[in-house]
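Letters A, B, C and D mark the chains in the order given here, with residues in each chain numbered from 1 onward.
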Amino acid sequence: MKIHEYQAKKIFEKVGISIPKEGVATSPEQAMGVARDIGLPVVIKAQVHVGGRGKVGGVKLARTEEEVKEFASMILGMDIKGLTVRIILIGQAIDIERELYLGVITDRGSNRPVIMVSTEGGVDIEGVAKKTPEKIHRFTVDPAYGLLPHQAMNLAFSLSSEVKETRKIATTLQKLYQAYIVADASLAEINPFVLSRDGNFYAIDAKVVLDDNALFRHPDYEKMRDFTHTEKIEQEAKERGLSYISMDGNIGCVVNGAGLAMTTMDVIKHFGGEPANFLDVGGSSDPQKVRHALQFLLIDEGVKSIWFNIFGGITRCDDIALGLVSAVDELGIDLPLVVRLIGTNEKKGKKILAESGLDIHTVETMEEGAKTAIRLSEGRK
Amino acid sequence: MKIHEYQAKKIFEKVGISIPKEGVATSPEQAMGVARDIGLPVVIKAQVHVGGRGKVGGVKLARTEEEVKEFASMILGMDIKGLTVRIILIGQAIDIERELYLGVITDRGSNRPVIMVSTEGGVDIEGVAKKTPEKIHRFTVDPAYGLLPHQAMNLAFSLSSEVKETRKIATTLQKLYQAYIVADASLAEINPFVLSRDGNFYAIDAKVVLDDNALFRHPDYEKMRDFTHTEKIEQEAKERGLSYISMDGNIGCVVNGAGLAMTTMDVIKHFGGEPANFLDVGGSSDPQKVRHALQFLLIDEGVKSIWFNIFGGITRCDDIALGLVSAVDELGIDLPLVVRLIGTNEKKGKKILAESGLDIHTVETMEEGAKTAIRLSEGRK
Amino acid sequence: MGVLVSKDSRVLVQGITGRDGSFHTKLMKEYGTNIVAGVTPGKGGEMFEGIPVFNTVVEAVDETGADVSVIFVPARFASSAIFEAVDARIKLIVAITEGIPVKDMVSIMRFAEDKGSRVIGPNCPGIITPGECKVGILPASIFKKGRVGVVSRSGTLTYEIVSHITAAGFGQSTALGIGGDPVIGTRFVDLLELFRDDQQTEAVVLIGEIGGSDEEDAARYIKETNYPLPVFSFIAGRTAPKGKRMGHAGAIISGSSGTAQSKIESLKEIGVKVAKIPSEIGRFLKEEFDAG
Amino acid sequence: MGVLVSKDSRVLVQGITGRDGSFHTKLMKEYGTNIVAGVTPGKGGEMFEGIPVFNTVVEAVDETGADVSVIFVPARFASSAIFEAVDARIKLIVAITEGIPVKDMVSIMRFAEDKGSRVIGPNCPGIITPGECKVGILPASIFKKGRVGVVSRSGTLTYEIVSHITAAGFGQSTALGIGGDPVIGTRFVDLLELFRDDQQTEAVVLIGEIGGSDEEDAARYIKETNYPLPVFSFIAGRTAPKGKRMGHAGAIISGSSGTAQSKIESLKEIGVKVAKIPSEIGRFLKEEFDAG
């Protein structure tokens, strides 16, 4: 789960990482109140779940109350990469001496947390990693011991040779690791971690990605959810046990299993078609799920044909067939239906379809399914 | 550092171990107030730093307010193994179904924490360990992982076969281990851990020993100190960098190093004398320390002769000699003084003593020192 | 032969009395898997389908000599169950459960390294050595004993491709899914090594997908070790959008890494044939073995 | 020869610019110890008595090949310093510092096991192989090269007994104090093993004290391995009262365990001569080697 900068900073604050004075606002008036409390100048930042907000005007320095009002009005409601800004963060403006990067990420290669630090803070760290990989220092943490003080210190010495600074950086690294651990995060990042001209360090921007699997341990994180319209649909699907992602094409797919669902999209594309979605009904046999799946498919008005690609394992083909027949009936679907049923209880399933009287195009293989779905989608508006 | 039962329970409560309702009192009136808040009957327990209080009447069940007053008056001021009771704990009386023992201790053999559990709670666990060792189940914790849930569960199954009970016991074991870790304890014990007739578990008695070396991490523990008169003197000595323990004999010893100080006592005894104390001035060369050492020695009026046994290493003999000369002068000591100085700056030290004009019996070996100190102590009152 | 599991495997089911555990225990037993014990705390002493149930794994191991464990325990308790299996020195642990916190898996893998256990999964369909032993939820009917080792990050896609392999006339030495999570116990490279040392395996099919760099690592391994067996591959997710999680936590293209293109190119570069659609895998195998 | 340290040891001093560290670095250097580096964070690049100082242990090891480290860092920071030395793969770490939290030592010892380092101490006087190398705070003048291995839980008592050994005409192969804390890195049994395998050592003097069961463990080890060298012992604390800590955290008789009597009896039972007063150790050695 992605969370906003201001939410990430709350998590950081709890473990003692120092952040600038700041507050959030959803209106220009609120923004002015927050700015007054903090004292001018302030930085106003759009809170959206995408990067690169600065380049499109989502971050502004306001020196006067008038500017606070002006910029707050400008940024609230702004569209950034398709997302509407509804919350802004108003923070104390820090006089920057140096910008560092500090991050912790779960590394798939080693199955361990990796700490990354760089003197090149404040910019896109992936870019730094590509252009000047030698400027990123990495350390793989042994989870049995955590980030030990001397390890944090060794990393800090790669960013500064002033022992006063290295002690502060090392302490922050240990706190960042602690935040990553207590929050069950998959990523925790301070970029930039700023040394101000008056000699203090601040986490100016923060990014935390939470592990969805661990949310059950953090009921309080639930209120941090802030979904875009698309994410909301995906989340609703998830709550019904479905994995659904909308795409640009016109062939709706209903598949069991993520790998097979991706492959279904790939095969459609391979034969010249365009998938309208990724949809995984999971491993269950609940006929109800098929109805939910079709409901999500139909939100997308661009769908011209529907292809069921089911490889029965735990999922039983007869359950899918039953769900399909009743759902088509209930929902009054009049789109062409291509169905491939194979595996557990395949015969039973096919029999149900055959006896339903529905106009269903039964196919035996993925290729056949893809070609049929493409053909049927063509010429329809 | 030893702490009282009620203090240990506060530490346990913080990690979520359930304890009976309780409060402390230093007067019978206070005790009645606490008992009223809790509700009768209550158990009144002497808070002293020694075991076996129950056998001498330091624990009483009070069923009426009159009994609370009576027993509180009786226990407050009571002498238990030389210690005066100044605080009592008034706790909710629990209807006991079964008594278990749960403990965590730092094991010197393995250099690891060891969990011990037994169905024989409520009694002296050392006795159980001797008579029926098979009734104590041990588990050595790997400090890299802590006490894992299934390990706590395995231990719990050695105490009960009811899964509802084992889950509660296992959870408590994990909390006890956590308390042991966060408090930097060398021992954390619940004895008895009681299953009440209404199906709940309670830590009825608690014992925690804190690691003195780690107290700097717990400034709040300082206020838990409650020293006996003897301990106070020992603590004062400690604050002056000395290790001092009073004994029953008449030969006062001033030694550098704990092993040598113990050996000095042993050698005195070997030759038929009685040491008046253990006194280690440590490895420093501060002449001031010698004066402090003599001051502590002189608290004990039974001292009839004083023996300095110094093996110079880091400690320099001349520093000891200087300190000795000035202290004897300042403190006006007229007890016979036996001095053995050997090692670093030995000659310088001996010269200082020779030139001081003091009546000092200089010896070369421990044997000689012991014999001389014994001889000089005899016949003095 | 085959790898990891065989007719000699003594299988323990953790969570044997649960909904999924009980259902699949029956199916595994039907297949002929030698299930020697089950564990459900509090049900120790009971029997399930003729299998003794224990309170703890250590008891189950002591009493039955179980050396493989399959985890059907729900996500909240699954990590503790895997820790328990590792601690009891179970050599192979197959974790079917989906939704285990990643941090827990990080700790488990550290613990497993210490104790010398291998974990497969979590969030995986399990492993089968056809004709000998099935551990997990794979549909038995599509598998056939043979010479192709199959390793996959996916579930049903594995079935799809195995069905093409079987239809093309080839059986499998061992087939398994290694799981869809970011942190998993066993990776492609581990399996490539095991298949290389297996007498029965003559070719390997590697079914990858977007996310991570397991496929790239496998390509490097194949090249560096001058891998002796032919390897064929299919990579799912060529049309997957960036930044969207495709069904499970592992399948996500983050930033510039984890794309299907990168994986396909890495494999092709070192001479691995990569199928465009699943059915091609069958054709690749025919070409290989009809020519040879 | 001797054990653990020799003229080939490349010694690093952690806390080299501190009060104790700087003082004893000079003394060690005077003795001839090959001190190759010092560490004090923030003083990297400076020189101390001709010795290069580094910010971190890993740098010091990279630059100088140090393989022994001696810790003079104050108690609050000492555990981190030991962790650092272990992490940098220093093979032998001698921790002089007194007052390190026991829990920290428990973690350190676990870490040291993982990484293959040996820790001596903490709260110990150090180790000397006379004529070759001194690491710690032992007074050099009383030691003499020779054939007696000396291992002790104490500081000045070691000096006392060594002075009797030297006075009796015997030198030491290696002498060391293993520290007075409850949790220490190296114990009697470890040293007995090392001395057994050392060509130069012909007898071992074991200086024990109340608390713990190290002496009893040593007795068991001597018996079980049919220990080939003569062992002589002195145990301090026969007159120590129960339940009172005699100077340091390890020296306490708790409950019925850790008494001098128990230790003396265990050793006598297996034929180890136990001295009643320190000077007897010299006599024992004379008897042993004048007879032989």
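To be clear about the criterion, a contact is a pair of C-beta atoms (placed from the backbone, for glycine too) under 8 Å apart; a residue touches a chain by one contact, two chains touch by 3 or more.
These figures come from a predicted structure and were not determined experimentally.
Q: When contacts are scored as defined above, which chain pair ends up with more C-beta pairs, B-C or B-D?
A: When the contacts at B-C and B-D are counted, B-D has more.
Q: Round to the nearest whole Å and give the separation of the Cα centres of chain B and chain C.
A: Distance between chain centres, rounded to whole Å: 56 Å.
Q: Would you kindly tell me how far, in whole Å, the mean C-alpha position of chain C lies from that of chain A?
A: Whole-Å distance between the two chain centres: 27.
Q: Touching at least two other chains at once: which residues of chain D meet that condition?
A: In chain D, the residues touching two or more other chains are 107, 111, 114.
Q: Out of chain A, which residues touch more than one other chain, so two or more?
A: Only 144-145 qualify.
Q: Looking only at which chains touch which, which shape fits best: line, ring, star, complete or other?
A: Here the contact pattern is something else, fitting no line, ring, star or complete shape.
Q: Which pairs of chains touch one another in this structure?
A: Pairwise, the chains that meet the contact rule are A-B, A-C, A-D, B-C, B-D.
Q: State the interface residues of chain D toward chain A in the complex, per the touch definition above.
A: Of all residues in chain D, those touching chain A are 41-42, 44, 55-58, 80-81, 83-84, 87, 107, 111, 114.
Q: Spell out the residues on chain C that touch chain A in their complex, using ranges where they run on.
A: Per the touch definition, chain C meets chain A at residues 75-76, 99-107, 109-111, 114, 125, 137-139, 141-142, 152-160, 163, 180-184, 207, 209-210, 212-214, 217, 234, 236-241, 244, 246-251, 255-256, 276-279.
Q: For a test of understanding, state which residues of chain A touch chain D in their complex under the given definition.
A: Residue list for chain A touching chain D: 144-145, 148-151, 153-154, 157, 161-164, 166-167.
Q: Under the touch definition given earlier, write down the residues of chain B that touch chain A in their complex.
A: Residue positions touching the partner: 144-145.
Q: Would you pull the chain B residues touching chain D in the complex into a rising list?
A: So the residues of chain B in touch with chain D come to 106, 108-109, 111-113, 126, 130, 142-144, 181, 184, 186, 211-214, 216-217, 243, 245, 247, 255-263, 265-270, 275, 278, 280, 283, 311-315, 342-344, 365-367.
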